[in-house]
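Got some structures for you, see below.
Both complexes below contain chain A, partnered by chain B and then by chain C.
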Partner chain A sequence: MAEARGVQLARKPKGARWSGRLADRLAPYLFISPFLVAFVGLFLGPALYALVVSFFKYKGYGTLEWVGLSNYSVTLQYGVFWQEMLNVAFYWVAHTIPMMAIAFLLAVVVSSSLVKHKKVFKPVIYMPQLVAGVASALLFKNFFGTNYGILNTMLGVPIPWLEDMNLARWAVVIMLVWRSVGYWFVIYLAGLTSISEEVMDAATVDGVSAWQRLTRITVPLMRNSFLFSFVIDAVVTLRMYAEPNILGGKAGAVCPVGMAPVLNTLVLNMQAGRFGQAAAVGWLIFLFVAVVSFVQYRVLGGRRREG
Partner chain B sequence: MTHLRRSQIKSRPHYAVRRAAARTLAYGILLVWCLLSLYPMGLMVVNSFKSDDEMHINPAGLPVEWTWQSYESIFRYHGGLWRNFVVSAVVTVSATVISVFLSAMAAFAFAKYHFKGRELIFALLLATMMVPPEITIPGLYLVFARLRWLNTLQALILPATTSVLGLFLIRQYMLEIPDALIEAARIDGAGHLQVFWKIMVPTSIPVLGAFSILRFMGVWNQYLWPALAVAKRELQPIMVVLPQLVDPKIGFLPVWGTIMAGCTLSVLPILVVFIAFQDTFISSVVIGAVKE
Partner chain C sequence: MNTGQNDNKRDSLSRRKFLQLAAIGAGGAVIAACSPQVVKETVEVEVTREVEVEKQVEVTREVEVAVAPPSELITVTLMKWGSVEGEEMYGRIFEEIHPELKDQIKLTVVSPGTSDAETNQALRLALAAGFGIPDMFQATYSSVPEFAEAGVLTNLEDKVTEYLGDISEGAKSLMQYNGQYIAAPAQPKPKVWLYRKDLFENAGIVPAEVKTFEDFMQAGQDFVAANPEKYFFNLGPQPIHYAYWQWMSSWDGLCMANKDGTYNIVSDERFAMLYDQFKQIYQSPWDLHVDDFSPDWQPTYENEKLCGWMVGSWGINWVPRMAPEQGGKWAFTQWPEYVKYGSDSGGDTYVIPIGCEHPEEAWIVMKSWLFEKDGAILRWKNEQGDFPIIKSAQAEVLAIIKAGGRPEGMSDEDWKVYAPNYYGLDYADWYFQCLDLLKVGCFNPSSPALLPILRNHCENYLAGKETLTEALENCQQDMETQVGNPYEV
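Up next is the complex of A and B:
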């Protein structure tokens, strides 16, 4: 009752102490303005500035030279850009599928009545998430190193894990799986605990085996969570930069094209002083993200609140 | 009811045997993954106690000689890496504080005030959530270059201070705070800022904590923008410096002992927060994932 009255007052502030005065009407704008100023100055503004620059040739100084859409068409005809898109697509599919499988398996096991020490397992499984992308890339660079690497030393072989691009891409995938399972484990676990126990109990009494309960009840109910992680990971992978570059590059330099993420084209263009070109790459990446988000919306649309 | 069910289930043939087998399998799976996820981190800590030279011959085993040498070299050599840790700490703490503060104030207005343009502004802000922040990098770089702000601390701090996700999460939480609480304070004569400080902030502590953790991790771990915006070694955050550590005499050869000591130190603050606020930490993961 009290809450309902409060809402009333907030909506029709005539009777409230705060109404009328100019300061009271200004207050909400004063509260949002610092955020908005920062947002416009540091996010929206630079993003739109990049959009404008993407139609020009600009070295970062001197004059802007109008080039229309040529920055975009040049990028789309650039073989390296597509090789990197291909790498990203590979990273996405190759790491997301095992990651989801392992995370889900662990979540099912931890949430089951078979396991007692949940308080211990939960944080331990999550822990690789605490290691920064940069630090975990360095750990795996050390692990897969050709000459002084941990793996080669143990095996006594000189396999060029990080120099042979076919192997190096898998090294990136292994690292991504190692690091990201904990995150999705926590998400899936939250999803699993929201499945009603009554349903499960009823099924158990009706003689449904544990395996059937898993495949017929749990998995279908978790379907949206799976789709969500699959799609979100597409965006995460498109935005990836540090991991492959540190793993495959020498001392802070970028990695070879064969394993490079798509942001490398943006960064290298910037470093070469082709700001228009760099900005165009950024907006192209945004287009891909938009397409992915649109697909997610169509596939998940309307049923989102379940998961 | 439950009693009946339990007894029904338990009376099935071989129930105990099958359950024991399932339990063994479950623990087996958990132990294998826990070992796999802890192994690289354990190795990182162990290797940080080897010298750079020992890392060349013995990267996999326990140290032949446990030594603090690698930690010493972080503070002494390579231009004094401790400075980069200080840069990271200053940047992360200030960006987190500013970001939480800005988001909380705006969230208060969006949750509890009715003003012209509220729905529109909020919808527009939400729509930008799917824009990857990397898109702003060429623009940011040009603006900061024009202001002569490259190679400064503000170049690292400012771009990390706006988070629509934070605004969204905090607003969701504040919507649940009863208006009656605010109304009572108003009647007692509290002004707008007092309501914010004395009521909204204290009652929103859980979400503010969760968002602070998300932000802290995000800023502490960032790499791409700092690597582009700051070329001066002494102003680079630790994450940018770690991959560049090479043998000062030979060049290009990574000094693995020192790097592992640096990695260990870089994980430490996050680990401390994790252990201290485990539940908030885990819940921050879950609420952070609702971005749509």
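Up next is the complex of A and C:
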């Protein structure tokens, strides 16, 4: 009797085994279903819709007119589009290098024993990040005014920061560096604190200099942080819109082409009711950002196996 | 020992139980959300009594007549840009003009954003969705062609005909597209030339005698000779967008493109004239290289550096705010003779989109503000910038202004910048004269896409990056490739 019961207990009925396994497999998906629903409904769905619309001429209402790849080809033939791509590439390169260098060095200095009042420096360095992007752009607009701006008043020279496009781009870069240093400082600080002190102590005992510790130990061990920061910053910079337009725009209009980001072409097409072309521009920007991110990932060594 | 098996049984049971409970909970939530709402509705029934009086005997009879249908309060939606702070004012004006309708029509103002681009976007979305279409929509005239060509605007001809005799000629141009009346002029924006009359007198410049472009250039020279370190005009390296429409609308029939999709940028010499005149002004010593709404622009008025502004009539309210201490020194008149006609974007209009819920009620509200004399005057009293477009109301407004006096309760600060006090009691005369010269430019459904291209190449020409020929040719090429036929929407 006990043996029979034992056999019964050891082997579940077929239906129960199957439903149990199914439940085990479904449970994780049930937990991530809210994210999946939001992702599909709010991102993937609209993105695919935009992809479809990019092959049509469509003003947002009425009928769609099939135009094939025409929206893409006219955008790629447009000189203004390429000028704007060059602008964002300039913003990305010109601001990333000094910004990352400053943020990293600040993190190294603040985390070292040289600095006593760390609790004071950390929030002060991070503070610009707390200012909203639009607000900081408005402040810098007055800062860079030609005749009445704060900077020119201090220098005593009427430099046309926002009228000369060669200078206007640098004004954007300066603003981006000022605003973003604090954020990456915090990221690098977190990365530095994850480096084991034993490694540093061992290096010190072995007679390694401070510079060698920084370049041969700290920087390699910070590789993942650098990868993260460069990729994310590139994505954010290549998609920028507010900063140049507030600095250089007037009376609600967008900024001049000489300093305009590539999103301006998309926005102007949207405002003119040319949704097909706007969608095409959006997908071209996506491809550009994806390529840049991929290249950075490979160059900075993001080849670690996952899972 | 069956501990492990019992544990597994307990585990599998608890996991299964959890999933069952989760499914029941989710299903219950869905059912609750989808259940029909029960709404209590109170119906007011009106019962009348008839009182019948005979010759000698008073007899009262109660008569129960057919129940009157409950009066339905209709909400008319106005979609406009900017703040909705004036919502109460708009509604109040209507109720004051039509008290008999105040229990039947109620106004709601919605604002999807701060600019006309955002409201246009909101209307497109509403039209695409097929619901949420506002009963009244505020549109700059430059946006009207897109919606008119798409056939989504109500034809107002049969409604406005009785008022046409009383409407200013300039305002009438804002009401039409392709010969059809499809808009009501909410805020016409004729061109005005604001200037420091004391400094102009000092230079011997009489605005009415500035008739040609050469006269205008000479006036600038005379001004700077008599008033050193001051400027006659401002045109910077990136001229503001409305400047293009203001100048282009001066010239009859100057269109960027024809209906068949062919462009005129190269062939019509007036575009070359536009670019060239901008460049000549830009290179003049009397031109201040500060564009409108740039960071340096407002201080130049306060510091009395910039002493003239050729702009739309909305600028009348800006100068007092920028230079409050210069009351009595500024005046305005029409633009120089050769460019006196036109406007910037035409002005703001109200349209009634097809597919809205209450088009008839929207018309009743709209005409109370714009075409009925009392409503037009009341609207002007509440918003000083919105002069009436009907002549019968204009005469009364002029009389009110010329009677002078400080409005009751007005603070010293507001009185300083109050237009009749700032410009003088004849300022409205000048406004109405300028209004008669209003003429809309040749807008097409793709004008918002074409203007940035025109601007870009003009800026390149001003900066010396392109010659005049290159700028015009490149401009046309970009328009042809990027926009194609601007009338095909």
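We take it that the second predicted complex is superposed on the first by the 249 of 307 C-alpha atoms of A that agree within 3 Å, B and C clash if a C-alpha of one lies under 4 Å from a C-alpha of the other, contacts with A are read in each partner's own complex, and residues count from 1 in each chain.
Here is the rule we use: a contact is a pair of C-beta atoms (placed from the backbone, for glycine too) under 8 Å apart; a residue touches a chain by one contact, two chains touch by 3 or more.
If you're wondering where the values come from, they're calculated on a predicted model, not measured in any experiment.
Chain A is touched at more residues by one of its partners, and among chain B and chain C that partner is B.
In the superposition on chain A, A:Y148 contacts both chain B and chain C. By the touch criterion defined above, A:V74 reaches chain C but does not reach chain B.
Judged by the touch definition given at the top, the superposed model places A:M270 against both chain B and chain C. Using the contact criterion defined above for the overlaid structures, shared-chain residue A:N224 touches neither chain B nor chain C, since it reaches no partner. Once the two complexes are laid over each other on the shared chain, residue contacts for A:A251 go to chain B and to chain C alike. Within the superposed three-chain model, A:P46 lies in touch with chain B and out of touch with chain C [touch as defined at top]. Chain A residues 6, 9-10, 16, 23-24, 27, 30, 60, 141-142, 145, 148-149, 250-252, 270 lie at the interface with chain B in one structure and with chain C in the other.
Partner chain A is touched in their complex by these residues of chain B: 2, 5, 8-9, 19, 22-23, 26-27, 29-30, 33-34, 36-38, 40-41, 43-44, 47, 55-56, 58-60, 102-103, 105-106, 108-110, 112-115, 118, 121, 125, 128, 130-143, 145, 158-159, 161-162, 164, 167, 178-183, 186-187, 189, 192, 196, 217, 220-221, 223-224, 227-228, 239-240, 242-246, 252, 254, 256, 259-260, 263, 266-267, 270-271, 274, 278, 282, 285-286, 289, 292. By the touch rule above, chain C contacts chain A in their complex via residues 2, 5, 9, 12, 15-16, 19, 22, 114-115, 117, 120-121, 124-125, 127-128, 146, 150, 152, 236-238, 240-242, 289-296, 299-300, 445-446, 448-449, 452-453, 456, 459, 474, 478, 481-482, 488-489.
Chain A meets chain B in the complex at residues 2-3, 5-7, 9-11, 13, 16-18, 23-25, 27-32, 34-36, 38-39, 42-50, 53, 58, 60, 102, 105-106, 109-110, 112, 114-115, 121-143, 145, 148-151, 153-154, 178, 181-183, 186-187, 190, 201, 204-205, 210, 232, 235, 238-239, 241-242, 246, 249-252, 263, 266-267, 270, 275, 278-279, 282-283, 285-286, 289-290, 293, 304. Listed in rising order, the residues of chain A touching chain C in the complex are 6, 9-10, 16, 19-20, 23-24, 26-27, 30, 57, 59-62, 74, 77-80, 141-142, 144-149, 162-164, 248, 250-254, 256-258, 268-274, 277.
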